[in-house]
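Both complexes shown next keep subunit A, but they swap its partner, so subunit B is in the first and subunit C is in the second.
Right, the complex of A and B next:
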């Protein structure tokens, strides 16, 4: 393990991760804790996912009850884990220039993990198996799980939502304070003057993204509350709940949570990549409009999951299609073109972190394309209940958001420990990419052949796709093990790098 | 099986020995508090300490003598409320009010000092509190406690003492800069405490048969009502625990560990 410094912070316009006098060391420590908890949970949830794929291949058959329990936990756990890792990275990145409270972030972690504990026990012990989308009225009418299990699942979501709310409010207040108001944190004057009015200091892209993410988090939690309160009242026998209302509110909550985890981790690219390319990522007008638009567009596209519900108003369906196209394009194009421009002829040294960030960009592109196709109403009506859907979200999750989070973790550890990754570890992103791509490609192929999703029992002619996927999962696991091993070796030094700081 | 609400409220069970013990404890505490604590170094301890300790004893009274305690042999769910009150409310309050009265542990015999240091090590404290909570909720031990008032009393004393020890490293006394100085350690300790009690609560909630068979023999009880009561009891152990630990996180995380008291 070399001890040479990895990424430079000396180029103009690039903000080092550690603030002067290590004033943000305490926040960086929480950030590391979030990344460990988030990516650690991701690995455990990945093992569960592997069991599902083994079941679908007929190699290791699970009972239907266990398959659906695992499917429920895998879905809920993955969204929560990746979001947690992203939130940790985002807090670390923002703390370089914005004063955050490590205390609040630790409290958020305890509340968030309490929520995750509820979901784990509700599924593995309580047998809750209604899917992570907890679509009403199925959770309260389970034949193989009790109402207590459903309530435990909901309470778990409540705690995760409370943690997210506390985090979002804290970040929003902190960034607004730094720039003198929310409007300035969102660079609204600069936006509406088409980039001419530069009187206000512009936030760094990562701070702008943090403000955007926080606003959408608060909106998602509000929707979650509008879903959960009637559900709890229904469980208490006080009222009945309109199923379409429940479906809409739970999707505004859940779909936005899933989207948040992707956009949070995309924000990490803006924070880390400049350190490797030695070029600053400026807050341009294109960056501002792309990310400010996300505030509305991320909330507008949830209905593309409800195309099959004939009772849903047509207007919402059309809004979902337009919103799905629109949400993909600005942030997508701005981030990808911006990242490629930063990398082009920069003399970037391809260590593990930039390799993973680049992998994430391509995963995001292909996953996004799959999502745009699926959000097209005529396509959706054919493909929505097939493996095409897990294909697209696994692409932008596993090869996109998760790769971003691992990449940022490597960047943080390198910066804080002053060490380089092991030479052998540079194989790991390749294994990750090849294994992940092969695993996901088989979902796409299965989807194209109309293999249904969410089926515990697969017909013999469907099993071939999962069988081909299994070796790729093993390659992926090898890559992930390599990444985890390298981080474990250098983590202690990184942790020490945050200590002896002001405000610890 | 369902009690008459009005009669239920007035159904207090005044246990004379326990009542006397609590009164004596309160009187001794007030005297020590007024004196400024044990040992040669005395100081005003503040009204907050007195209030905390008194409230802690009040919660013990509510847990064991109010209708909650009076009916804990009829309803497992009420029994679990009593346990929750003892471990999550009374124990930290008694610790908050009681520990400063000790001033320091220098006046204690050396073996006792050493024993206290070992017991309040976070790993030992967590293990001990976990073991006590789980062992006493094992159906044979629980059934034994229901059969004998003395064993039942010992059970509750174990919970109280076990959780005073659990909370000790978090409510660090001023002379003892504990192991849990960093927020990472405090967060992990809180999560470890929450997960074990939540797991126990979840196992009770989701168990498909009646674990504590004594409740099948309560007049008016049926297997279905006993199972429903058991599910509620498990949820009472599980759900509020998360709230308690979240509040505890708000109270103890981020606080700087107090500086050691100078011996001069």
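Right, the complex of A and C next:
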């Protein structure tokens, strides 16, 4: 292994991960723990996903009972795992200039992992298989699993939501304290003066993003509560639950949870990329308006999951389409173009971390293209709940958010351990990209041929798409194994690196 | 009606444009120049892209308004339905009030569910989805569609509804009048 020291003096305006005058070593350790737990769970959930694809290809057929259990755990586990990895990276990045409590973050991790454990028990032992979207009333009407299994799943969600809530409140309070209030953490005076009023110190982009994410996390948990409480009351015989109400609230919760992962990990790009390009990514007016708008836009378009529910008011459907288009604008115009501008003619050295960040930029946009097409109501009329849906979210998850999270993990490990990635590991992002692209592209092709999603049994004419995908999954797995191996070799040094920080 | 394969072609075309643009930037990461020298062109790129994306979004939105699948819009476009089919989903089968459908006239499917959420999706004889709506307990969703080609259409459930989800199919026969 090349042990040349990587951590060098940063260019002006670039905040190093290690705060020289702050005790953020303990928080960096929690951040590493989140990344290990999140990306480790991601790998395990990925194995489950591989079995689903094998089943759909007809190569290794699972019983419908096990297919749907695995499907449920794969979905819930992936959303929770990727978000957890992102939250760890975000806390680490924020801690360089904002004081966070490592103790609170450890408690969050324990609560969150307890929730994930409940979902594992509910699905693998309890046989719960209502899908991660737990679309009411299926959880209590599955016919092949018990009410206890459904309750265990809900308790799991409750714990994950509680963990997220505690994290969000902690981050929001901490960033607000650093800048003298929530309005200042969101740079509102700067925003509404069109960038002229610079009296308040501006938060770093990653701190602004952390505040935005925290607000939407609290909103998501609130929606989850509005979903869960009536269902518990219904289970107790107190009231009945309207199916459309349940669908709306669960999608505000679930859609926001899924989107949070993407935006959290996008925040990691702001935090890490400048270190490689040696160009600062300042808090400009464009960055502020883009991210402050995300607060509303992330919540406004959940209804695009409900286009096929004709009982939903048409105005809400149209609003969802507008919201779905609108949310693409700040992300693409500000974050994506900003990241590409940072890279262009920067002279950056293509180590594993920037390779993964660049891959994530590609995947986020390509997945977004599929999403925007599907959020157009007449297109959704023929694509809804076909393989097109997993196609787009696998793209911006696997090739977007997850690539960002791995990239940030490599950045952290390099910074903290003072070691460079193995030369051979630079092959891994290529394998990841090629394997991942082939894997997700076959979802898109299947969706365009109207192959349904969430089918345990695939007709013979549908199996070809999964069969072509399988070798790409193996290439992807090889890439991911390479990344994990490299990180395992250097992780201990990175952990030790956090302990050298003053006061930790 | 939107052709799903056409959407794939659009995705591939947009994907190729994006990939080429991305690759050009990545390939030109060397030969560093001061960041300040790029600021003007970065702003121009942002403004041009923003204008282009907003125009495309507005066009797509107005196209959407002309092709809404919802009851009022379909009635305004096609007139009153000539045939009504009651469709009720139950774990794990469809109950249809009729299975013989005339071609070329507006057909209304009044879709509901007796238990959990289902999705009433109509597949044409080639195996492509042509229309769909959710079957929800407590609600009746009205899907109006004109069949232009005779043959056997398959109804599939596209909302995961439990163990027997994939078996939840029914056949519709569309005949010339």
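In this section, the second predicted complex is superposed on the first by the 494 of 504 C-alpha atoms of A that agree within 3 Å, B and C clash if a C-alpha of one lies under 4 Å from a C-alpha of the other, contacts with A are read in each partner's own complex, and residues count from 1 in each chain.
Here is the rule we use: a contact is a pair of C-beta atoms (placed from the backbone, for glycine too) under 8 Å apart; a residue touches a chain by one contact, two chains touch by 3 or more.
These numbers come from a predicted model, not from an experiment.
In the three-chain model built by superposing on subunit A, subunit B and subunit C fit together without any clash. Centred on subunit A, the angle reaching out to subunit B and subunit C in the chain A superposition, using CA centres, is 120 degrees in steps of 10. Residue contacts after overlaying the shared chain place A:322 against subunit C, while subunit B stays out of touching range. In the superposed pair of complexes, A:481 makes contact with neither subunit B nor subunit C. In the superposed model, more residues of subunit A are touched by C than by the other of subunit B and subunit C.
When the two complexes are overlaid on their common chain A, residue A:114 makes contact with subunit B while staying clear of subunit C. Looking at the shared chain after the overlay, A:384 reaches subunit C, while subunit B stays out of its contact range.
Judged by the touch definition given at the top, the superposed model places A:424 against neither subunit B nor subunit C.
By the touch criterion defined above, A:308 reaches subunit C but does not reach subunit B. Here the smallest spacing between CA atoms of subunit B and those of subunit C, following superposition, is 18 Å. Applying the stated touch rule to the two superposed structures, the subunit B and subunit C interfaces on subunit A have no residue in common. Of all the residues in subunit C, the ones that touch subunit A in their complex are 1-5, 7-8, 10-11, 14-15, 18-19, 22, 25-26, 28-33, 35, 38, 42, 45-46, 49-50, 53-54, 57, 60-61, 63-65, 67-73, 91, 115-117, 119, 121, 123, 127-134, 136-139, 141-143, 156, 158-167.
Here subunit A touches subunit C in the complex through residues 64-65, 68, 129-131, 135, 137-138, 141-144, 242-244, 247, 279-280, 286, 308-311, 314, 317-318, 321-322, 325-326, 328-329, 332-334, 337, 340-348, 350, 358, 361-362, 365-366, 369-370, 373, 376-379, 381-386, 388, 444-445, 447-450, 452-457, 461, going by the rule given at the top.
By the touch criterion stated above, subunit B contacts subunit A in their complex at residues 183-184, 186-187, 190-191, 194-195, 198-199, 202-203, 205-206, 231, 234-235, 238-239, 242, 245-246, 249-250, 253-254.
By the touch criterion given at the top, residues 26, 29-30, 33, 101-104, 106-107, 109-111, 113-115, 117-118, 121-122, 125-127, 146, 148-149, 151-152, 155, 159, 162 of subunit A touch subunit B in their complex.
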